[in-house]
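Next, two complexes with chain A in common: one pairs it with chain B, the other with chain C.
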Partner chain A sequence: MKVLAIARNTFREALRDKALYVIVVFSLVLLVSTRILSPLALGEGVKITKDVGLSALSFFGILAIIVMGAGLVHKEIDRKTILVILSKPVARHEFILGKFLGMADALAALVVVMLVTLEVVLLLSGRGPDLPVLKAGFLTFVELLVMTSIAVLFSSFSSTGMSAVFTFAFYVVGHFSSDMLVFAARLQSSFARQVCQFLYYVMPDLELFNARAIVVHGGDIPDERMLAATAYGLLYTMGVLVLSAVIFSRKDFK
Partner chain B sequence: MLPHLTVRKEVLGHRVAAAETREASAGTLLPDAAEPVREPQAERRVVVRAVNLGKVFTSSFTARKKWAVRGLNLEVFEKEVFGFLGPNGAGKTTTIKLLLGLLRPTYGSIEIFGTGPASPASRAQVGFLPENPSFYDYLKLGEFLRLCASLSGLRRRREVERRVAESLFVSGLIDHEDVQMRKFSKGMLQRAGLAQALVNNPRLLILDEPMSGLDPIGRKEFRDSIVRARENGMTVFFSSHIIADVELLCDRVGIINNGVLEKSGPIGELVQQEVRSVEIVARDVAEQAAVQLEPFVEERRTVGDAVVLRLRDELATTLVLGTLASSGARILSVTPHKETLESVFVRQVTRSSLSRASGADGTLPGEGRKKRVFRREWSRL
Partner chain C sequence: MMGLLRGRGVRQAACLLVAASLFTGGVCLRRHVFGDPVPPGGQELMYFPSGKFLKQSALGHTTTLADVAWLRAIQYYGHHRLTDRKYDMVGHIFDVITTLDPNFIHAYVFGAVVLSQDAGRPDDGLALLRKGMRANPDNWLLAFETGFIYYVILHDYDSAGRYFALSSRLPGAPDMTSRFAAFVHERAGHSETALELWSEIARATDNKFIKEMAEEKMEKLRAQLRKERDTPPPPEQG
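Let's look at the complex of A and B:
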């Protein structure tokens, strides 16, 4: 109940933040512009629309997380609103969970708006409705959940700017983390190999959530991939949230 | 007999303000701050208990340690107004944050209604107003209070609405329910802070510097709110560096300085109640009467055409007044001087600052011992 109240408030804050609207408008303009430019694509227009649409989902999602999510917890500490919330009978982990769920809610709204627009655009070009696009969109949403939990983690102990940088770094590295294993196999030193393997397991493997290549070329995402990626994403998110809650519950609010 | 006698209100003007506050509080007469109507302490329930509380802040860069609170023992009883008095940086806010679980104590223990602050349940019956509060400025006041009500554990919608309406009414913000809080003035924010603290109908109200930065009207309104809260059976714990407010409102006072609770107790015990001196201002004093009264007068000076006589004690007053009146003098005023909380406070703070300067510094126990031994040895040489 208290978690939901905090989540609702965070969601409301996101909705009243102009940044979210700028992001939504930009992504919609981008999506529609692919249709306008489609005559230039020599019959590949729909592929471009799907590719740009799904990439925009991931890109603008992570932008929203960096703009709004990186300050999720720290902004409350900075503005001292945290003193009012935590002086009520609210446990620290409830606060963290509420903040996460509120941000996840706002991202869900963003993803739904963008996917619906994408489907409408596809329908108008006579190629919809496209179910695999929705599945790929769902996987991107799970990726955004993982990134939100990471933003919450950093935000719970570092400043807004720092946590934005860290979150973005995780996003970039997360997309290359499977290369870490390949790289480790080629290393001579066993210590370096172990470090690489450790990093691979600590960093999220965000490429698991990237099914754009399959969907754009008209393929379907296998159910096992959907299930495995979703389970991995949710478990990773839970792990990071538990860590955030532990760090946050030891924090002093001077 | 004494046609022009005007007995000035004791001490300073704030006693008059006290009378006003009492009138404003719905016509009920408050027990005097100095003489609270209290049950024997042994039978009263302890609401807040801190035992040997200590908090060290460590700088993350230099690893330097600084004591914010040291060995603090505190008891706040049910249904009393406890004033936490101290200069800026004395450790008032730190203590309050320790009580609320916003900071974790380095050592010592705290109980709020018998529960430690690590458990959220200890805050279920507590309302807190932080110093210079800031709230979610994108929320309307009504939305914010509903959020606070849900966070306090109120579940049913009707109950939430009832509590929100009540706290809006009590804080005088009933017309501002639909106003975004970014448009609030400082005084309104403070009242909004009070409203959120009262939304769960708490049994303990903790206010951190509630009156700082408010204009005189705002301060008076806030004092009235504290009086009303206490009349409704709440225990009020508030920190302040404004002595007049503490003296007016509190049953008991704790004086904190440099993280140490220097003194605590009922105001009546801290401040000596007996009159320390009496000042009589009179005109047309006959020379003969003046000579006659000399043994009783400690100091005599002339201001304009009036004579100011300072007497050592109350006993001499009647005699001196009688003599003056019968000699045909016109008495303008008689003022008894008592010790004020302010003088106790200033004495206490200065004394402890002096003793600190002469050796007992703010280092950790054991850490400074070597330094002190060295200093002692050095001074022997």
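Let's look at the complex of A and C:
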């Protein structure tokens, strides 16, 4: 119950943040504008709509996490409101979990609004409803959950600005993690090779959640991939949240 | 109170007017000094980054970047089609698109037709289609287009027949692929088969440039066929 109360409050706070509305409006305008581009695309209008819609979902989702999620915990520490919350019978791990769930709710709302708009645009083009697009959107949401947990982790011990930078760095590296293994195989030093292999396993593999290349060409995402990527994303998220709770429980607010 | 509000409203309107004047002044200055951007012939895509570089820096948004490059390629082609008909950078831009999105079948097809037909570089067109077939070995359209270029442009009927036959065996291939394979093997009259091929291309495409190009070709082939029919056969000797 305490977790849900914190989550509700975080969700309300996110909705009050004008940045979220700016992100939603901007992404919707971008999505609808692909209809204008369609006649110029020589028959590839639907592909472009799907591409822009799904890319915008991922891009604006990560932007929302960086703008709002990076300061999720640190803002409470900065404003000293954390002392009021923790003086009540609220465990520190409950606070972390509540913050994460609240941000996840806000992202779910963003994803739902954008996916519904994308389906409406596709329907107007005579190519909807498109189930594989919804599946790709769901995988993007799982990716956003992973990134939110990382933002919460950094926010639990560093400033808002630094959390934003670290979260973005993880997003970038997360899309190169498979290259790291290729890079490791080419290295001479065994120590450097092991470091690269360690990073490959520790960093999130965000390309697992990227099924856009399949669905924009009318393909479907295999169920095994959906299940495996979702399970990986949830396990990774839970692992990072446990780590965040451990770090946060050791934090001294004096 | 009303006076204060009215005064504030006038001040805000004046500020907006000043902002609009400054903006207009800036735009006029830019146009006067730099002029409107006019793409210099053939140079505009010279600094377009390579597909491999873009793929690495796209952070998973490769297919969206391929769309941006596709729109750029259409602009480039449309501009040069109306002006100098020089297509120096067309191979580069279609290589970028297909590196970013290896399953973008229409990019291979359009790129190959433009390279072979308009740019006069059928070998580059065939190389692009081969790249497509390596990435999409089950796609019948790429094999069919390869046969089409061999037949219509290179007049290499053996290779054309081989690719039409390959296309007819691939999943989802329409009946016309085996029909063309049979035509080529029977060595039917070149102009009739070419006309059939172009009309099939015009019928199947959503791409207005390919449609226009096909209709232009069909018109020429029809005229050639009429001429062939009107010409009396040479008198038999002996």
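In this section, the second predicted complex is superposed on the first by the 254 of 254 C-alpha atoms of A that agree within 3 Å, B and C clash if a C-alpha of one lies under 4 Å from a C-alpha of the other, contacts with A are read in each partner's own complex, and residues count from 1 in each chain.
In the analysis below, contacts are C-beta pairs under 8 Å (C-beta built on N, C-alpha and C of every residue); 3 or more make two chains touch, one makes a residue touch a chain.
Keep in mind that this is a model prediction, so the values were computed, not measured.
Peer 1: Taking the superposition on A as described, I'd like to know which of chain B and chain C A:Met226 touches: first, second, both or neither.
Peer 2: neither
Peer 1: Can A:Val24 be said to touch chain B (first), chain C (second), both, or neither?
Peer 2: neither
Peer 1: Contact-wise, after the overlay, does A:Val120 reach chain B, chain C, both or neither (first, second, both, neither)?
Peer 2: Neither partner.
Peer 1: In the superposed arrangement, which partner chain does A:Pro89 touch: chain B (first), chain C (second), both, or neither?
Peer 2: In the superposition, A:Pro89 contacts chain B only.
Peer 1: Which of the two partners, first being chain B and second being chain C, lies in contact with A:Leu199: first, second, both, or neither?
Peer 2: After superposing on A, A:Leu199 lies clear of both chain B and chain C.
Peer 1: Overlap the chain B and chain C contact sets on chain A and report the shared residues.
Peer 2: none
Peer 1: Contact residues on chain A for chain C in the complex?
Peer 2: Residue positions touching the partner: 37, 40-44, 47-48, 51-52, 55, 58-59, 171-172, 175-176, 179, 206-207, 210, 212-213, 216-217.
Peer 1: Contact residues on chain C for chain A in the complex?
Peer 2: 56, 59-64, 66-67, 70-71, 74, 101, 103-106, 110, 205-209
Peer 1: In the complex, go through chain B and note every residue touching chain A.
Peer 2: 57, 97, 100-104, 120-124, 126, 128, 130, 132-136, 138-139, 143, 147-148, 150-153, 155, 193, 196, 200, 206
Peer 1: Which positions of chain A touch chain B when the two form their complex?
Peer 2: By the definition above, chain A touches chain B via 1-2, 5-6, 8-9, 12-13, 16-17, 79-81, 83-91, 250, 252-254.
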